[in-house]
């Protein structure tokens, strides 16, 4: 029935073989129709606008709600036919799900132009205006352009039949591949790793500044953090373990053996950290559920 | 080899360029920051085309999505073309008169996200509720702690105690996040205060665990700078 | 400014300088530390050593350079064990498009080292295959649990020196594998959320052995203690344990007749691995100790400063 | 499939949660019409918002806001952050204080443009709105971190708001803002980052205080009602966990000769009941009878209508 996006051979009304003239015609038709709708929307009277946005949001969300509550087909394997109309809807929902799940990314991807536009607007303005920051803005624009050129060029080369794995070997590289490798592996990725590792410094300064025995809460935080850190330092852990062992008199089954740093830290994690996180998570989950309900029914903005 | 030296040298330079912000904001940092942002923006464009639009949209629309070498003919789906005008609608955000149209693609994206959350909620929290249900009283007193060879199915005293503490932690933390109950409710107040303290224990433990990972990354970076580059590349050249 | 106030407000750059020096200098020295490997790591090693040579395992390599500090040595150690024991492996990833390249580079580096140490190089396609990257972690791991052959269908890799890629199912690594249950184990090296995804979809189908970052170690420890994981290596401590076990074995008498690591969890004697075992884990661990000690010292200084300043204030009142 | 065995319980639970929220939204609406409102308690971190903006105005330096990281497009978390930020922007607009919003991806950027402009227009200050005050920075995590840090340092932000999804970069932002003496209000839905915000920021919203914030700030009946509904849900969950745990505790004291295999009750040697066999655990973990599942027989489609397997699985 509703096989809009089902990979089916031979073509239905919704698809056509690649390189077929029909497909091109259909696509152009769809584009024209789509832009037609867009122009119609431009003329939409103001009082209908909210309704249109509500409708679009509701329908999009409704797909997943239906997928959730509609009984999904039992014991289905490839090539099965639905038993009845009810089952058919279940089949269709299940088949459409992988397609629908890509929509968000596709539409989000189309909007990237707006992001680039924002960047360019700010930095081109700065370049034109001159001043101290102009050279930096120029660097930004230049490195972006270089990355786009070599990124796509390198990708294009790798797309050629059989070229991909060949280009994994540095001996077969040309200038383009070197340039892309330099920009991506040599610069971008290394800068990401550098920025990631910079956090260590900030952790040190934050701990120094904030971990003071000021209030009960701060003391609890500090003490737990210290226990966990010490349990991960094997020198301390080892010595402590020896001490615990001597208190226990070498008896492996003594209750005292539970007080090695590893066991204490493990116990804190399992019986306090995990449930307390789960406690926050319950709240956050309900919050997200409520927010989603409001978004789906367009109640969110109405509140303002 | 010369290329490797160049490449690694630039990486080291970039690393210190970014680190220099630790002292204060300066031109060296600003230079590398702008390179970073430019490269990232460029790469984003490449990735969006390569990983999203080409595979999931262009390829499916034209049916050219088969790997090189497979002879399978795949059909194209013209309905995908409708996504172009929807994407274009987003660009109306700067129009003074028609900016509301940009709400349509956003509405679709948010609608899809919101619709998923009902199922996602159950899938995520169902198991979490289930793991929280643990016996809080012991079934046997033959041993206080868990012996070396525990009898399967028995709950020992220390286990039950730990489970009870977990349960109390969970309930008191949730109680801390109740917003609409009167602050004069004594029981709830006590519960939420202890909830806050137990939360702090949890946060402390997270902090301790994370610290080691972040330090390891720094150590790895320093290894890259001093051992991989300075010692093995510069000095042994 | 009193001493107390000074101690409370050390300029940041002094702290940062101390940290960068600590993190750099100690790397040039090899400092042995006393260590008691933890159970999850012992199980990891014992399990990896129990896999019969010649059989096939899956490796999910879900990490890239940004977490190289932890995942890199974890991957190295696993590769060393698998290669020395002649276990065939297929590497796939569902986390990041960059991950296969990172894994390939790492394997190449290890191979160069093997040649240098007089061991035979591990041959691509014959001894291991690169399956590649799958964008949907949920979908792919589920597909693998249902039908491994169709989940990996159409993937190709290059035999040594070949110009054209060959279907991975023709490789000796995967030729005899019909189903995921034919695979002896799935080793995961993850810096992403694939640990959760895999455990949900594959735990019942194949023995899982994990190496994860320090952050995700606690939550995976739950799976380990409930028996869903056959072994677990978490963070740098885990990798230090593993490298330690690779040199000392478990319940194995050393040259002096002493047992370095004794464990009741593992029946019998698990021998150490011959050859080069110490990697970055052993190199980084002493430095990590120093850095952590520096942090604890900074916290103590701050608190001492606070108390001194408070006392001085109290006295002046 | 999802209703087999005890699968209905999960559905019912979700439905109850949703209806709690919905009912309370309705309740708040009707009491709003009568002129009263539902009670919500004070949340410490939120009073700081006005204070922070006020201080930025005194210093004549900008207010910087970051709505967090959010996958490849906008999601509910970043939308909620923007909801809070539109309140902040409104306060800033009244004092004609400059603002800066740093966006992680283009979709968030689009929504932020729209929402903040609307705020300025509603305040009658449409001409003061500068589209460049809302910037797309980067959607690579650490490039974003570097860019935002640079911006905080160069613009010398007086107040910073970090809300939404934050990961490792949380501490980079917080410490950088601290170094220029900015007053910081922060919140992360990722609880792994909350301790870092607690250590480095002046005010932190923990957990779902983040979702409560907009209700508290705007007092809009929909939001207040929804918040009360969320509380009902949380109480219900607490009760479920409490009684579930008591049930498990009671049941493991018993002996049984019944066990489950493939979704069917079978006779087994006498043993202590396992927690997994208790009523409440069975409710939460459906275990469909495999024979019932296999009994569903399906006809095959004609071969020309069978879908072609797409590479890379993608099952459902």
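Note that the chains take the letters A, B, C and D in the order they are written out, and that residue 1 is the start of every chain.
The rule we apply is simple: contacts are C-beta pairs under 8 Å (C-beta built on N, C-alpha and C of every residue); 3 or more make two chains touch, one makes a residue touch a chain.
Quantities reported herein were computed from a predicted structural model and do not represent experimental measurements.
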What's the minimum number of touch steps needed to get from subunit B to subunit D?
1
Chain pair bearing the highest count of C-beta contacts
A-B
On a C-alpha centroid basis, what's the spacing between subunit B and subunit C, in Å?
20
Round to the nearest whole Å and give the separation of the Cα centres of subunit A and subunit D.
15
When centres are defined as mean Cα positions, the distance from subunit A to subunit B in whole Å is 7
Separation of subunit A from subunit C, taking each centre as the mean of its C-alpha atoms, in whole Å
24
For subunit C, jot down the residues that touch at least 2 other chains.
12, 16, 19-20, 23, 66-69, 135, 139, 154, 156, 214-215, 218, 235, 237, 288, 291-292, 295
Of all residues in subunit D, the ones touching two or more other chains:
11, 14, 17-18, 72-74, 76, 79, 107, 110, 139-140, 142-143, 146, 168, 176, 191-192, 194-196, 198-199, 206-208, 212, 227, 230, 234, 237, 308-311, 314, 316
Check each residue of subunit A and list the ones that touch at least two other chains.
7-10, 68, 98, 104-105, 107-109, 111-116, 119, 162, 188, 190-193, 195-201, 203, 205, 207, 209, 211, 221-222, 226, 229, 232, 269-270, 273-274, 277, 280-283, 288-289, 291-293, 295
Per the contact definition, I'd like the list of subunit B residues that touch subunit A in the complex.
3, 6-8, 10-11, 14-15, 18-19, 21-22, 30-46, 48-50, 52-53, 56-57, 60-64, 68-69, 73-79, 81-91, 93, 98, 100-101, 103-105, 107-119, 121, 124-125, 128, 132, 144-145, 147-148, 162-163, 165-167, 169-174, 176-177, 195-212, 214-215, 217-218, 220-221
Taking the complex as given, what residues does subunit D use to touch subunit B?
10-11, 13-14, 17-18, 38-43, 72-76, 79, 107, 110-111, 113-114, 117, 131, 137-140, 143-144, 146-147, 149-150, 153-154, 168, 176, 191-192, 194-196, 198-199, 206-209, 212, 216, 227-228, 230-231, 234-235, 237-238, 240-242, 244-249, 252-253, 271-275, 278, 280-281, 284-285, 308, 310-311
Under the touch definition given earlier, write down the residues of subunit A that touch subunit C in their complex.
98, 162, 165-166, 168, 189-190, 192-193, 196-197, 200-201, 203-205, 207-209, 211-214, 222, 226, 229, 232-235, 237-239, 241, 262, 266, 269-270, 273-274
Under the definition above, what is the set of subunit B residues touching subunit D in their complex?
18, 21, 24-25, 29-30, 33, 36-37, 39-41, 43-44, 52, 65-67, 72, 74, 90, 93-94, 99, 102-103, 106, 109-110, 113-114, 117-118, 121-122, 126-127, 129-130, 132-137, 139, 153-155, 163, 167, 170-171, 174-175, 177-183, 199, 203-204, 206-207, 210, 214
Subunit A to subunit D touching residues, read off their complex:
6-10, 68-69, 71-83, 94-95, 97-98, 104-105, 107-109, 111-116, 118-119, 121-122, 125, 188, 191-192, 195-196, 198-199, 202-203, 205-207, 209-211, 221, 277, 280-284, 286-295, 299-300, 302-304
